[in-house]
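Each of the next two complexes has subunit A plus one other chain: subunit B in the first, subunit C in the second.
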Partner chain A sequence: MADLKLENLSKRFSRKVWGVKKMDLSVKDKEFLVLLGPSGCGKTTTLRLIAGLEEATTGNILIDGVDITDTPPRKRDISMVFQSYAVWPHMTVYDNIAFALRFKHLSKAEIDSIVTETADMVKIDNLVKRYPDQLSGGQRQRVALARALAVKPKIFLMDEPLSNLDAKLRVVMRTELRAIHQQTKATTVFVTHDQSEAMSMADRIVIMKDGVIVQIGSPDDVYFKSTNVFVAGFIGMPPTNFFTVEIIHEGTDIVLKHPFFELKLDNERKSMLYDYSKRSLTFGIRPEDITITSEKNNLLKERALVVEPQGSLQIIALKIDDKIVKLVSAREHTVFPGDMLFLTFKQNKLHFFDIDTGERIGDL
Partner chain B sequence: MKKELQRNLVRTARTTTLYILVAGVAMVILFPIYFLVTMSLMSDFEMYNEWPLPMLPSFSMSFKLQNSQKGYLLSIYNKVDNTYLDMLDTNDTGYIINFVKRKTNCTLTREKLNEIIEELKNNSKVEFKLRKNFLLNYTLFFRLKKDAWPAFLRSIYTAVVTILISLSIGGMGGYAFSRYFFKGKNFLKLGVLFVRMFPAVATAIPAAIILGNMGLYDKPIGLAFIYSIGSIGLTIWITASIFLSIPVELEEAAQIFGTSKAGAFWHVTLPLALPGLAACAMYAFIGSWNEYAQAIILTQFNPTFPVVVFEYVLGATGMAHLATAGGMTLAIPAVIFYLFIRRYILRMWGGVRV
Partner chain C sequence: MDSLTHSRSIWKKAAPYLLIAPTIVWYGFFWARPVIQAFYGGFFDLNGHFTLDNYKFVFNDPYFLQAIFNTFFIAIVSVAVEFVLAFGLSLLINIRFKGAGVFLFIATIPMALPFVAIAAMWKAGLATYGWLNSFLYHVGLIAKNGKIVFMSGNKWPSIFVIIIIDAWGVIPSMMIILVAGMQNLNEELKEAGYIFGGTRLTVLRKITIPLLKSTITTALILRIISAIQIWAIITLMFGYLRLPTLVSQLVFYSDQRAPADPVYYQRALAYSVIVAIIISSIVILYLKVSGSFRKEENG
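Moving on to the complex of A and B:
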């Protein structure tokens, strides 16, 4: 059980290519932290830096206040689950799990009890005598997990461990990983590019882009208070819809003018724009915050282009100003492609962003 | 129904043609080996007096001894022509014993000959059968070529050292080529192959001068160095692709779970690369064991075994059965090595399944 601290951590691959750039991050004891971002954003590099598989260019890594920046991986008291599982094919499941324990000079009985215990925990106790090529992908994943759990590390690192599993198994493993975390209470750093995975598992999410942290926060924070256009667009499925609008002052009123609609803001929204002096802005609205309404108080109308039924919900795609806009609605009345829809936005769910920098305007 | 029959016929014809082709190819490959083995077990008589050459060496020979004007007439049964060939007419019994041994690889004891001569007093001829000493060619080969046995040992020593050098250096090179990026990597990798483009005989002359300066001329260790040059290149290419097929994550996982970088190599990469290394060992062994062109130039008084066999084959007019025995002796260690290493190559040849 330990906390982890990254101070001004950088990894430079070549003159122009930075893996991670001046990163400051602290992971609390027993926390389940998720590093989230598109591929190439530096999240895996960060994890490998923590593991010691990459050498930091500058900065420090501290576990429990002890600087381990130059410590070899085996002495860092960490363990890792790899994306490709990295289960050793020439060893049985038992030997895979016991590998690290044998270096700790434990007695045979101790090793045996730890292996049995961890194999039990990840439900592979009946497979310990097999070789990895006799296992399915999901079972190998569990072996990798057991191997990492067996050493009882201070920090538990996971590099997209679920991305090679099929969709159904992935959801099952999410729950199991969370359950195991609650049981072991090991500080965990989990890397993924799947935002729904991050949302469902994390205590806190760190969103990265181009080697830099964009936002750190709880799943709700990053979802409801996205710090910029990138985060708002990355988090959520389907992603946030963005509209670029002109700001028109009509007396005391503020109207957002779009070629297809004009949105008159309420007082609270207006106050958010007090300090904003530019002539236009980008606003985002989540698919579930666009509502289908009656003809008389609609903001805009458009024909449905594509409808994806999702059981109790439906995702409706339509084209506004040549951009695909998606909205989610309940299946109270099923929409068919080509139906005319009357839409309105929930004003209190609007997210305003700077037209140039993409940064959030105003605080909720 | 008719169509089905037709389809079956075509299929049968096709597979039959294929099998005949495969069998033909196998025959072409196996026939010389078969002849080498059988000839090395044949006696002088079978080799030169029976024509066409018998397919199988015989286990025993039939003789006929008659009284003659000079003394005794010895005839040997020719199983191809189905007749007795008159071979020797002499009264020197010692010479008869010697002749039987040399000509047919059979041992005729003095007592047995005396018995036969005793019998001859009552009969005009005596027919008798003797068991052939199957491996006499081999013992004879080593007895006739006094330097064959030391050369054999030198050859084994050379081969082992060649394997050790080329596996350690070539393996490390292959590992470096597969795991690290550095300037001129491809150039170097091709350069390693480039070395092999020069005929061994041509490079042997400068090699002889260099070895002479190093004091390693005419020594097995010097020969092993020269052989290693060729096999290191091959080892690098084979092991580089083997190591490439072993995911780096496996090593990284080992590093995280308690070993150093070297430990990860030892515990994870090496066992997984074993089939490839075994194949390399085999190539290195064959390259060293069968080589004589360089060995002739690079040795003088301490030749390797192939050189001895080569000399014997060249100078073996009328002694092909002994030469083939030498050839077999050259082949046997290679076969034994192959049998030993076979299970490692078969285990996972062609990469690692993860």
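Moving on to the complex of A and C:
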């Protein structure tokens, strides 16, 4: 059981390339923390720094308050599941799992019981005598998992462990990994570029971009209170729709003016935009917060362009001011391409962002 | 329908044999024929009568036992030295330090030199007033009158001179095979070793070397085969008969003696058959011991 702290951690690969830049992060004991971000944002680098496979350019790494920045990997009390699994092909499953245990002055019987127990936990107990090339991808991944679990590390690191699995198995493994975490309670840093994986697994999500942390928060935080345009656009599927609008004062009213619609704000919204009068801003609305309404209440009307049925839901794409806008609605009335839709936005679900910096305006 | 699937499966089975047929013809003509001829020739005298005299000559050749000893001593020691050094250098290059590429390039220069050039170079270096002695003198390892006579022609100094020159010329090619093998390894396999408790040495022993097994086998077999056939560099350095090896005797008899007395040609054939048998047995033995015949483990 342990906590992990990164202080001002940087990794510079060359004059221009920073893997990670001035990162501050603290992971709580027993926490399942997910590092999320697009490819190349520094997730793997962060994990490799924590593991000791990469030397930090600046900053410190602390486990339980002890500085381990210059400690070799084997003495860090961490374990890792690699994206390529990195299961050793010349060893049986048993030997893969037992490898680390053999350095720990345990008796043969103790090693045997730990291997059996972890193989059991990840459901490969019937495969321990095989070599990795006699296993499927999913089974190999379980071997990598068992090998990492067997050492009962303080910190458990996982680099996109599910990205090489097929879609169905991936969803099964999410649940299984969470269940294993419930059982082991090992402090975990889990890396993924898949926002839905992050949303469904994380206690907290750390969103990274270009080697820098953009937002840290619970899945709800990052979804409902996205800190900037990047996060709002990255989290959620389909992502947030953005519009550039002008703020117009009409008497005591404030109106968001767009070439295709004019949205009169309620009082709460008005107070949030107090400092922004007579300027442009970006506002965002999530697909499920655009509702289909009757002709007389409509804010704007547009024909449906593409409709993707998703069981009880449908994703409808339409074009507003030459930009694709997507909305999600229940299948009460199935919509067909070409149908005229009358739409409105849920006022309390509007997100405002500074047009220049992309930062969120007002916190809800 | 039935006959159709039947004929199709015959074609399927025959296809690989048809594909390798040209190679087999080629080998039959250019490889097997001379080999069989040599084998056959060793058992006949000049008049075409069957005889064991050629083999008797070989086994009674006063140089034969020396040749066997020299050949094996040089082969074993030089391959061992070459492997250890080449492996060490490959590990070094594989760290990918700055300038590793340049180092690899410089290290491979000996590969581009013909034996004659290598011999000339080392002869100049090893002469009593050569660059090696003057280097040793300048760094203070020997006194002005303490020059080492490398080329004295005494047995042990000669053997070691040959081993050093051979290693110098051969390490690069071994290194290239090993570096290629190492660069093919997934780096994460080693990194997992470090994370799961391994030191540099344990990772090398339990992960890197076992994973490089087939590369190492290849490098060693190629080396052993050519080490057993060592002769050119010896002859260029010391001439014939001063440090006889199996192949240098073979060349000596067929090249130096046969023109005057053709029976030496038949005797050289007997020598070559013996060399061929020794090399093949060693290769087979080595493959067996190294486990290359076992299929499963190489996964």
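Details
Heads up, the rule we're going with is that the second predicted complex is superposed on the first by the 362 of 364 C-alpha atoms of A that agree within 3 Å, B and C clash if a C-alpha of one lies under 4 Å from a C-alpha of the other, contacts with A are read in each partner's own complex, and residues count from 1 in each chain.
By our rule, a contact is a pair of C-beta atoms (placed from the backbone, for glycine too) under 8 Å apart; a residue touches a chain by one contact, two chains touch by 3 or more.
Small disclaimer: the values here were computed from a predicted structure and weren't measured.
When both complexes are overlaid on subunit A, subunit B and subunit C end up clashing with each other.
Residue contacts after overlaying the shared chain place A:90 against subunit B and subunit C alike. Of the two partner chains, neither subunit B nor subunit C is touched by A:350. Once the two complexes are overlaid on chain A, the subunit A residues touched by subunit B in the first and by subunit C in the second are 51-53, 72-74, 78-80, 82, 84, 86, 88-90, 99-100, 102-104, 132-133, 147, 151.
On the subunit A side of its complex with subunit C, the touching residues are 51-53, 72-74, 78-80, 82, 84, 86, 88-90, 99-100, 102-104, 131-134, 147, 151. In the complex of the two chains, the subunit C residues touching subunit A come out as 186, 188-189, 191-199, 202, 206-207, 210-211, 213, 296-297, 299.
Across the interface of their complex, subunit A is touched by residues 247, 249-250, 252-260, 267-268, 271-272, 352-354 of subunit B.
On the subunit A side of its complex with subunit B, the touching residues are 51-53, 72-74, 78-80, 82-90, 99-100, 102-104, 132-133, 147, 151.
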